[in-house]
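Here chain A shows up in two complexes: once beside chain B, once beside chain C.
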Partner chain A sequence: MWRYILKRIGFIVIALFFVSLITFILIKSAPGNYIETERLITQNLTDVNVPPDVKEAWEKMYHLDKPEWQQFLIFLGNAVKFQFGPSFKYPTKTVENIIVETYPVSLTLAGLAMLLAIVIGIPLGILSAFYKDTLIDRIAIFLSMIGTSIPNYVMAVFLIYILALTLHLVPSIGWGQPVNYVLPVLSLAIGPIGSITRFMRSSLIETLNQEYIKVARAKGGGFIQVVIQHGVRNSLIPLMTVIGPQLAYLSVGTLFVENLFNIPGLGKFYSSAAVYRDYPMVMGTTLFFAGIVMFVNLLVDIVYGLLDPRIRKLDMNRS
Partner chain B sequence: MGEFTIPVNKNIDSGGKPPSAEHSDKTTRRSYFGVLWRRFKRNKISLISLYFIVFLIALAIVGPLILPFDYKTMDYTALYQKPSLKHWMGTDDGGRDMLTLIIYGLRNALIVGFGAGLVEILIGVTIGALAGYFGGRLDNILMRFVDIMFALPSFLLSLMLVVVLGRNLFTILLAIGLTSWAGMARLARAQVLSIKQVDYIEAARSLGASNSVIIFRYVLPNAVGPIFVSLSFNIPGAMMVESGLSLIGLGIMPPMPSWGALINIGSRFILSTPHLILYPAITFALTILAFTFVGDGLRDAFDAKQSD
Partner chain C sequence: MTNILDVQALKTEFRRKNTLIRAVNNISFTIKKGSVLSIVGESGSGKSVTMHSVLRLIPSTGKIVAEKINFMGRDLMRLTEKEMRKIRGDQISMIFQDPMSSLNPTIKIGRQISEVLLWHHKANPKEAKERTIRMLHEVGIASPIERYNQYPFEFSGGMRQRVMIAMALIGEPRLLIADEPTTSLDVTVQAQILALIKKMQEQNKMSVVLITHNLAVATMMADEMIVMYAGQIVEQATKAEFLNRASHPYTVALLGSTPKLNMKERLQSIPGQPPDLKNINLEGCPFVDRCSAKMERCSREEPPAVQLSPTHRIRCWLYT
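Presenting the complex of A and B:
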């Protein structure tokens, strides 16, 4: 078990190294340079010549005066300590400060969405498996299909239109009150709800066909006893395989919803950093997001292994 | 039942060529694709979705030629108009015709979707097939590379690539294709691994067929099913990335419209003129759903467990 975890962590470190190398190379080969384009955009100047002393001081602050391989090493050395230096756009703030300030917002969105998806998805899946091939089942399947295929930012549009503009249940814009969380969280949750429902349904149908369920039924077990205690319990562990990727996706996927609803989360800052070519911010956040996605995947695999001893023996010894 | 399926399978083995004359009793006259089509047709939603996609493709090709408006010209005498006979879907904040913008958005989404899908297949299938067919050390090296690509968050990488390469249709298509082929490579490898065990591959090799002949004539044609199914889900996936990039301001350069950009602009006027955001969102949702339903239908059609 420990060997497996260490091996996976080693793989994550290698992958993160590649992420930083790729982003670094990409950024260095990108045309244009921040200080000149910024001057063009913000001051409406036609002349891109920044005074040499300003440019020199600026380059010194971001270590841009050193050779590129040295810049990369400096970046790597600092990244290990979770330091990414000051941002281009907000020179008084460091990238790690921005991440620490804004990521909780994204995390709350993703966490609430996942929670909602589990709370709605599991019962819906059970219902649909129990009433297999009836109208309830068909509707549930159709809805989950729509939920899984339509991207969350398009879902958000429909939710705003129905819940805010037609039914006037929640405000469509604004941020700060708890009620403002309703629309973003709902639009993020619909995809995972669909996946969980579909998985729960098919897994439960398979479990309910097992011999021991028939035995439990023959012994006179009721709905709760048979379906919930024997059936659902055995379907919950493999459900981790669905929740894991969804969680990893959500931790980056809030980006669109944050942009659409103008929520000051890390996704919003990340995308505007990419638009403005705020390279320290882009590099730091890309690495952070990549780390989160891979760490969540690892966590899910470990939990899965802890819950199901068969997997622990099989998978972990092999790899 | 076994009797009947054997000739059909032989037909698959020869890479989709019609069965030879001596096998043509009444059940084997159908070609491989005929069988697939018969199975596919059974699912009515998938069939309707396929017709809808064909209609969309036709619209994307013909639309720009016959539309009376273009996507660039602003008309400040007709801002924020509600749908009318002249402007079927109203006009946007620059007085541009929404229908025109949506059709251009459709065209761009289709180009990026199919283009990125093609790039994914070219890279993924090549790497997967090489790894699966030759095995050994080459397999090991290639698949570790695939593992790393698979672990990297592909959306972040395509976003970076777009920042570097620039923001036109081709670079976006490339940025999406280059970062999301890892799943395809794994799929192709698994397919090739299982197919190369089959006896007729052994037979072909003992008859002196070269590696390239075996790969292209015998292995890949048989692996085509799952790859096509996967493609039909990757195309809408690429469209979502394209629109997502536009939504956050990193998609195709304006004034060229994209559904994501239309949704982004529309969100600013959602209180006053909701049709600006609703129409692109509805078209987008319907397109994505159509591709998903076709994918489902294809998966069932390729499923060998089904009777013909």
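Presenting the complex of A and C:
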């Protein structure tokens, strides 16, 4: 087990190296730089010409005067210590401080959305599987298809229109009150609801066709005993592999929704960093997100092993 | 002796798209209290579907029609699903064919057995555990206390089938349906399992339906025999009548294709394939294409049931 985990961590480190390298090359080859972009966007000036001495001083401050391979090495050396230096746009804060401050916001959004998706998706999937090929099933499939195919930012606009502008149930904008969570969480949850429902359905249908389900029925089990205790239980383990990475992707993928609702989460900083050519910010956040996704995947695989008695017992016997 | 189960005019049909599959076609039989009935036939002859229909445990695409399925004075056809659940596992229980896939891989063995008692409210959790451990011991599983907490993957095939038997017997059912209980086991284990079923049957005075395609197993265990072909009962008889006076050409051919010790000549087989139930000839005898004694009328007219003795019945034109 430990060998396996160490090996996986090794792969993660290698993968993160390549993620940094590719991001570095991409961002460096994108035209423009921060001080020019900043002039255009923030100061609304039409010429991009920065006084040469200003530009030189600025480049020196961020080591941008050095050859690019040296810049990359400096970045790597600091990244190992989880230091990405001050952001261009927010020079008073380091990138790692911004991450630590804003990621919890994104994670909370994603976590709530995931929770909602689990609470709705699992029962919906169970119903759908149990009433396979009936009207209930068709409706559930239709809803989950809508959920998975409509992007969350489109859903967000739709929800704003219905819940905020037409029904006046919630404010369309603002942050800080619990009620402000409603729209973003709903729009983020739609996709996972769809995928959890579909996964639960297909996984449970497969389980319900197993011989041991028939055995459970022959023992006199009803819906609770057969479908929930014998069926769903076995479908929940593979569902883990869907929920874990989904949560990671979701916490990374909140950027559209954060921008739309003006929520100070990491996604908002992430997307604006790319626009402003805020190199440290882009590098730091990309690496952080990539790391999160990979780490959660590893975690899911470990937990999966712990949940499956076949793997768990074998491992205990070996050690 | 009274009958524990009386099935009259049972039909089970499966509808798949536009085809109707008559898996069980109008069969009637009875089982006497405390006796063993063996149902034999090739794969797909409707043996399992018949007994699954009695428990109403068939897929949702299937439809069961019967004049009556009388079990200990109650017509199972008229029970609600809830009442039926009280019978399953408690009054009638079942041993399944494949012990490898019949146990839930993520639930402990002990739990899976004691569920029968718990679901039927026949014991509290503590008693259920004690009885399960005793039952495990009885079906010949060594160190049952440790085994109680193990998972199916820690058991061999033969041991799993013992678990299945423990599961089927712990509720002390009146009728045990053993659906090919030894098919997936090797021969030495087969004999042990059959002996165990026989012992339990005598001990608990229960009735047993043994579904098998193995004639040796069937005759070893049975008091009475049923031979099924294409969803119909072609011959039913006591064991003695079956062994000495088997009459239907299909039964004769089946017995002829059983290998015997010291056999010099080549083993016989029945020519042709079992019929496709989708386009079975409803006019005549279903066995007509493979029958060595067929007559002209066999493919036109359905053979009648002929009573050769009070306990020996056959569907064949040869004996009219």
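Worth pointing out:
Simple rule for what comes next: the second predicted complex is superposed on the first by the 285 of 319 C-alpha atoms of A that agree within 3 Å, B and C clash if a C-alpha of one lies under 4 Å from a C-alpha of the other, contacts with A are read in each partner's own complex, and residues count from 1 in each chain.
The working rule: a contact is a pair of C-beta atoms (placed from the backbone, for glycine too) under 8 Å apart; a residue touches a chain by one contact, two chains touch by 3 or more.
Note that this is a predicted model, so its numbers are computed, not measured.
When both complexes are superposed on chain A, chain B and chain C sit side by side without a clash. Contacts of A:23 after superposition: chain B is touched, whereas chain C is not reached. In the superposition on chain A, contact is made by A:220 with chain C only, not with chain B.
Judged by the touch definition given at the top, the superposed model places A:212 against chain C, while chain B stays out of reach. When the two complexes are overlaid, the chain among chain B and chain C that reaches more residues of chain A is B. Once the two complexes are laid over each other on the shared chain, residue contacts for A:14 go to chain B alone; chain C is not touched.
In the superposed pair of complexes, A:87 makes contact with neither chain B nor chain C. Our summary of the superposed model lists a minimum C-alpha distance of 12 Å between chain B and chain C. Here chain A touches chain C in the complex through residues 210-212, 214-222, 225, 230, 233-234, 237, 308-310, 313, going by the rule given at the top. Interface residues of chain C facing chain A in the complex, by the touch rule stated above, are 55, 57, 82, 85-90, 93-94, 96, 98, 101-107, 115-116, 119-120, 151, 153-154, 164, 167. Residues 147-148, 151-153, 155-157, 159-161, 163-164, 166, 236, 240, 243-244, 247-250, 260, 263-264, 266-267, 270-271, 274, 277-278, 281, 284-285, 288-289, 292 of chain B are the ones that touch chain A when the two sit in their complex. Per the touch definition, chain A reaches chain B in the complex via residues 11-12, 14-15, 18-19, 22-23, 26-27, 29-31, 145-146, 149-151, 153-154, 157-158, 160-161, 165, 172-173, 252, 255-256, 259-260, 271-272, 274-275, 277, 282, 286, 289-290, 293-294, 297.
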